[in-house]
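I have placed the structure first, in the form of structure tokens, so that the comments after it can refer back to it.
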Amino acid sequence: MQVNEYKPKIVAFCCNWCSYAGADLAGSNRLAYPAEVKVIRVPCSCRVNPMFILRAFQRGADGVILCGCHPGDCHYTSGNYYTRRRMALLFSMLEYLGIEKERTRVEWVSAAEGAKFAATMNDFVATVKSLGENKRLEDLRCKR
Amino acid sequence: MRKCSLSNSTALFNKIAENATLYIPVDLEKGRVAYKKYADGMKMSDALKTDRSAKDFFFPQTENLMEFKTEGKSIEIIDNRSEAEDFVVFGVRACDVKSLEVLDKVFLAEPVDSYYKNRREHGVIVSMACTRPTETCFCGTFGIDASAPKGDIECYKTDDAFYFNAVTEKGEALLAKLDGVTESSDEKAVNEQKEQIKKVLDKLPLKDLKADEFGADKTDKFFNSPEWKNLSEACLGCGTCTFVCPTCQCYDIKDFKTNKGVQRFRCWDSCMYSDFTKMSAGQPRLTQMERFRQRFMHKLVYFPTNNDGMFSCVGCGRCVAKCPISMNIVKVMKTLGGKNND
Amino acid sequence: MQKITREALIEKAAALLSEGKVDRVLGWKSGEFSYDVTPAIFNNVEEMQKDFVYGDFSGANFSKYLVKETKKDGKVLIFLKPCDTYSFNQLLTEHRFDREKVYAVGIPCDGMIDENKIKQAVGDGILSIVSESETVKVETLYDGVKELNRADVFSERCLNCKSKKHVAYDELIGEDGLVLDSNRFDEVAKLEKMTADERFAFWQNELSRCIRCNACRDICPACTCEKCVFDNPNSGVENKAAANSFEEKMFHIIRAFHVAGRCTDCGECSRVCPQHIPLHLLNRKFIKDINTFYGDYQAGAEVGSRAPLVNYTKEDIEPSEAVNRGDE
Amino acid sequence: MQRIGVFVCWCGSNIAGTVDVQAVSDALGKEPGVVFSTNYQYMCSQAGQDMIKQAIKEHNLTGIVICSCSPRMHEATFRKTAAAAGINPYMVEIANIREQCSWIHKDMKEGTEKAIVLGRTAIAKVHLNTPLVPGESPVTKRALVIGGGIAGIQTALDIADAGFYVDIVEKKPTIGGKMAQLDKTFPTLDCAACILTPKMVDVAQHERIRIFSYSEVEHVSGFVGNFDVTIKKKARYVKEDVCTGCGLCTEKCPQKKVPNEFNLGMDNRRAIYIPFAQAVPKVATIDADYCTMLKTGKCGVCSKVCTAKAIDYTQKDEFIEEKYGAIVAATGFNPISMDKFDEFAYSQSKDVITSLEFERLMNAAGPTAGKLVRPSDGVHPHKIVFVQCVGSRCAACAEKGKEYCSKICCMYTAKHAMLTRDKYPDTDVTVFYIDVRTPGKQFDEFYRRAVEEYGVHYIKGMVGKVSPEGNKLIVQGSDLIANKQLKIEADLVVLAAAIEPDKSARPLATMLTASMDTNDFFTEAHPKLRPVESPTAGIFLSGACQGPKDIPETVSQAGAAAAKVIGLLSKDKLTGNPCVAHSDEMMCNGCSTCEKVCPYGAITYQDKEFRGPNRTTLIRRVAQVNEAVCQGCGCCTVACPSGAMDLKGFASKQIMAEVDAICK
């Protein structure tokens, strides 16, 4: 029998045009990745406010990943360029505060990259799993 | 009067900590001073004041009130207050001791605030006379005697010893438990220190500040003063004065959605905030001038009106030292206080 | 550098008031002690002669007051130290006040004193502080007069002064200075070199003292929102006190993020923090990262410049590289 | 509180195979706010949709959650279903339990658990959904075409023929563009003028087309359906409506030394000129840079000879303001400058020419009346070397040339080689190429003919250096197939210069808030599916401004752009996407941060009066979103520090509710 295996909670923000479609393609091709990953669809990666990411950690997420169109391919022409800057600064700040940098990630996944989506999620879940539970950005009240 | 030599202070603290959680003021890095839970060998700070007052022990900044748990469509209500353990706060200055009296008026009056009452019952205050009051001190303005700090046990620290005098029953009980580490003493050293303190108090820059013009039923006299506008002009509307104040007692009750339900808690609020006591029609005090006036009118007029003349300022001087723009109750009193404060 | 005197400023204000160029003056008002200087409006020269003060404790950055002041009738005279002028420009860039209603006089600054450092050095009972060119004489209740080196009691931000140059003014008193090479990022770099555990412990200790008085936010010239997200129940992050260390961190991360690229590093946040949390180290981290990732950028150096977070290049650093940069 | 209905789809066994749909609908039925929960084999079928409609009516549902395939598949279907049953279509949320659940998880327990979480997440979002109604805006039934080359001409004609008014803005004195300068066109070798000039005449005579020649777009504001455009009509010092185009002035003008740009400076024209005989409008233009009268006030010959009294030396630039519903960019291309390619000796020898210059030399209306001679000495060349890819496919030398393939050079070089051999069989023709790319109808056949029938020597390799020696040009190149270095003595060298977007495109794109790529070609809304639209609504792309194109391709794209414009202009009102940004004016600071990140220019600012405290009024600058222009990316919502900006349909609260539900 399997002992209570630690299952991290992963929130994946996916832009509607590329990454969400990439996730769909992973599904169409039956490319498995852990069920711990739950996707939130946003119009563009630039819709993702740093507050959403902190919120996810507060609520008990162990990892947050943001997926968008490849730079240059944004459906809205420039949204992901802003995402890239915002997240570079935010992640760097989290790291500065001593929060494990592996818990956050940005990945560019096109609508054609179902395989990349699945591989990315497999890798991210494994990484977060090896870190264990998020303790440094948790809000114990939420876990009650 | 009991005495404990300073060389024996660790034994004293260990003894107190045997039966209750002991908090003593401790020097931290960069001149910071805070109450810390006592651990063996910890050294007590000689600083005049802790950055935050002893209010935190009885009325903490956030406090859980109750919890609602939802399962599907049913709701369960859980009283999840933390039962306070017995604790001793050591080295509380006269002003902060007095502040608890102010808070008692609010929280122990009907309807009694059971959360506060619970903590109050479990806590013992060992006060400490001030040998080196500072320039921002003006407790004398409100009739507080820094050389007679009261509390449950009154304490004096000289160059070589602590001297204790039980003031309340709770204090007597605690002092009795300390017989093994204290000895009986006369009051000579303490009286000397009292004299010494009085001399220093007479030299303080704010010694002449008078509150006589303020007090109960003076609303009409001050409410419409044109000075409020100038005084409040630079106020940022932050909560610094409120949150460092040992007597400010306003709080907000909030619900926090947890994963399974709702945690209801209260947290300090500030009348300086634009979203203080928001009602269906919004904030009753729309401008910073009104909010600013409220705070000082409350300390100097409204509170005395409702509490037999007791001011709700104890002259601890924290707001004087901490206000980002250096506006404070002393300047307000001097500006509004008429002849007495010229 | 020539020392600017209270009298010179009053004289300047008197002239502008009598010429009708300004209707009132935003200045520093003396207090009870040597150090408790309050920003105030002076309506005439008499008021200034009575209470106006300019000296070692006139540190307050007045720029933010212009948001409120320019909504009133008439024109206000404002004195700007070099670092204040950056905030002034940044606020103009964000259309936060009406430039037409301000007459800005640039004044040189040779550094402001941190009263807390004096208190730490001399202890309780400060009766007077008198500043000389190199020293500060402090008279105390208990130990008589003590002499301190001015340089030892400078505010942190003045020790790491980034610029003595005024980037905005209608008129300048004295000579303008230069943008300086400061060591202001040294402390950030020191933290970056620590392990993640050490950094976590450092910030946990610092931020746990936060009492959420909002002084840092309310003094900040970049925080001029009509309603802050932390005061807005609809924002999802509103709270009045941090219930735990997560909420402490969240407030300070979001606060710093919201001013990232707009923060001029004026240092007011750390100056006013009643708990002495080095908040500027959060803002400076963003400034340092911005400079490293996207090229040097000084908010407020010019009006109308495009802040780094509302800009991009196609070759920007990836977030994954950004977080790994500290590993070397 | 919403009354939510949950509908779990089996999708046959696609979902039901790894998700216990009954367990999912049971679990979700217990969620607060859910008043009805069921599952069914095929929710998207007519029967499934009827089930939803019936449940909406029976249970007074206000919100719908469908647990099914990806919203990219059937969101629109279920929205229509909801609308048909009388609730707002935007009260529907989809939980993707097929592509993102049942198809990737093999374990039933795991799949079911995840499906429940995804369902809860959708329920959490629906709780905060609000009915959304798309905004409407009127459409000005007039189109603006910027650029009067073959692309602009074709687009304008197609739009006008469909019954809409069109204005063409052309910066040159005549329309016609590059095609007017060409001699023959591949692969059919019909004469460019013969097929272009009738179209130019059609344009001139079309009752619904106006031509603003010698004009430029000065300013653009507004949005799809409602653009306000200012057109600058440059002073040409000739009254357009009076000039008969007789050309007498252009013969009498004493200033004869003006380089003729139509012939690429290979001959001269007068200071007053008509670019070419078939110019449209056929109106003279005074070149102010050269006109003695305008420069010194002494001359006036043209005025004296003009019997129509059309000359007006006092003419000023004129600004015309007009409203348009759609704008087409057709700004075309130019060959790149050969300045950086001095290894080919372009600046050193007159006999090194570009392909476009070669066109003029071959053209009967050109500087040599169609006789192929060397520009330096007028002697007939016996040996011509053509060099392809000059500045194209230049990845290694990006600072000199372009990384992309200019696409048209292979074919026109084959054309030039063939025409030369046809007309002058004694002239030997060599072509250096990297690859010969001929993917077009009849293209490869055309190229084969050049090689096989006309005996053009094609050498795979690049020319390294051209050096003038005496009256010859020594061409040093490599033959990659024979693997040897070549040295050819040529009389004439023709360079197939890369083409680049016209310089006017970049400032125009800024005005239009249309995006461009790094090469300054306009970006299309989608490279495959929306190739003639800019991402900015109401802006369309025609011709080489979008990327290198030959004439057939340009004309078909021009027609496609016209079709898109016609589709837009035929609507009386535009219905927008209701999921757009919205600014809460009470919280907006007017700081202009959001405006800076908006790729569509959808945000403007207004000084507005607000009620202040205690019966005062305050004027505050606040942001306003033009819902017709906003595409709903949400970039502004994060840029906004105060949180005043939010996105309908993807509001911060909704997303945070989803986060909460997932992390529960």
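Just so it is clear, A, B, C and D label the chains in written order, and each chain counts residues from 1 on its own.
Quick note on the criterion: a residue touches a chain if its C-beta (ideal position, glycine included) is under 8 Å from a C-beta of that chain, and two chains touch if they have at least 3 such contacts.
For clarity, every value in this text was computed on a predicted model and none was experimentally measured.
Of the two chain pairs examined here, A-C and C-D, it is A-C that is joined by more C-beta pairs in contact.
Compared with chain C, the chain whose C-alpha mean position is the greatest distance off is D.
Each chain gets a centre from the mean of its Cα atoms; for chain A and chain D, those two points are 34 Å apart. If each chain is reduced to the centroid of its CA atoms, chain C and chain D end up 48 Å from each other.
In this assembly, the C-alpha centroid of chain B lies 70 Å from the C-alpha centroid of chain D. Shared interface positions of chain C, i.e. residues touching 2 or more other chains, are given as 229, 235-236, 243, 309-311, 314.
Multi-chain contact residues of chain D (touching two or more other chains) are listed as 597, 639, 652, 656, 660, 663-664.
Contact with two or more other chains is made by residues 256, 259-260 of chain B. With chains as nodes and touching pairs as edges, the resulting graph is complete, every pair of chains being joined. For chain D in complex with chain B, the residues that touch the partner chain are 30-32, 613-614, 660, 663-664. Those residues of chain B lying in contact with chain C across their complex are 30-32, 34, 48, 51-52, 61-62, 132-136, 200, 203-206, 230, 233-234, 236-240, 242-244, 252, 254, 256, 265, 267-270, 273-275, 320, 322, 324-328, 330-331, 334.
Taken in their complex, chain A has these residues touching chain B: 59-60, 141-144. Listing the residues of chain D that touch chain A in their complex gives 70-72, 96, 98-101, 103-107, 110-111, 113-114, 117-118, 121, 515, 523, 535, 579, 597, 599, 631-635, 637-639, 647, 650, 652, 655-656, 658-660, 662-664. Chain C contributes residues 71, 93-96, 224-229, 232, 234-236, 258-259, 306-307, 309-311, 314 to its touches with chain D in the complex.
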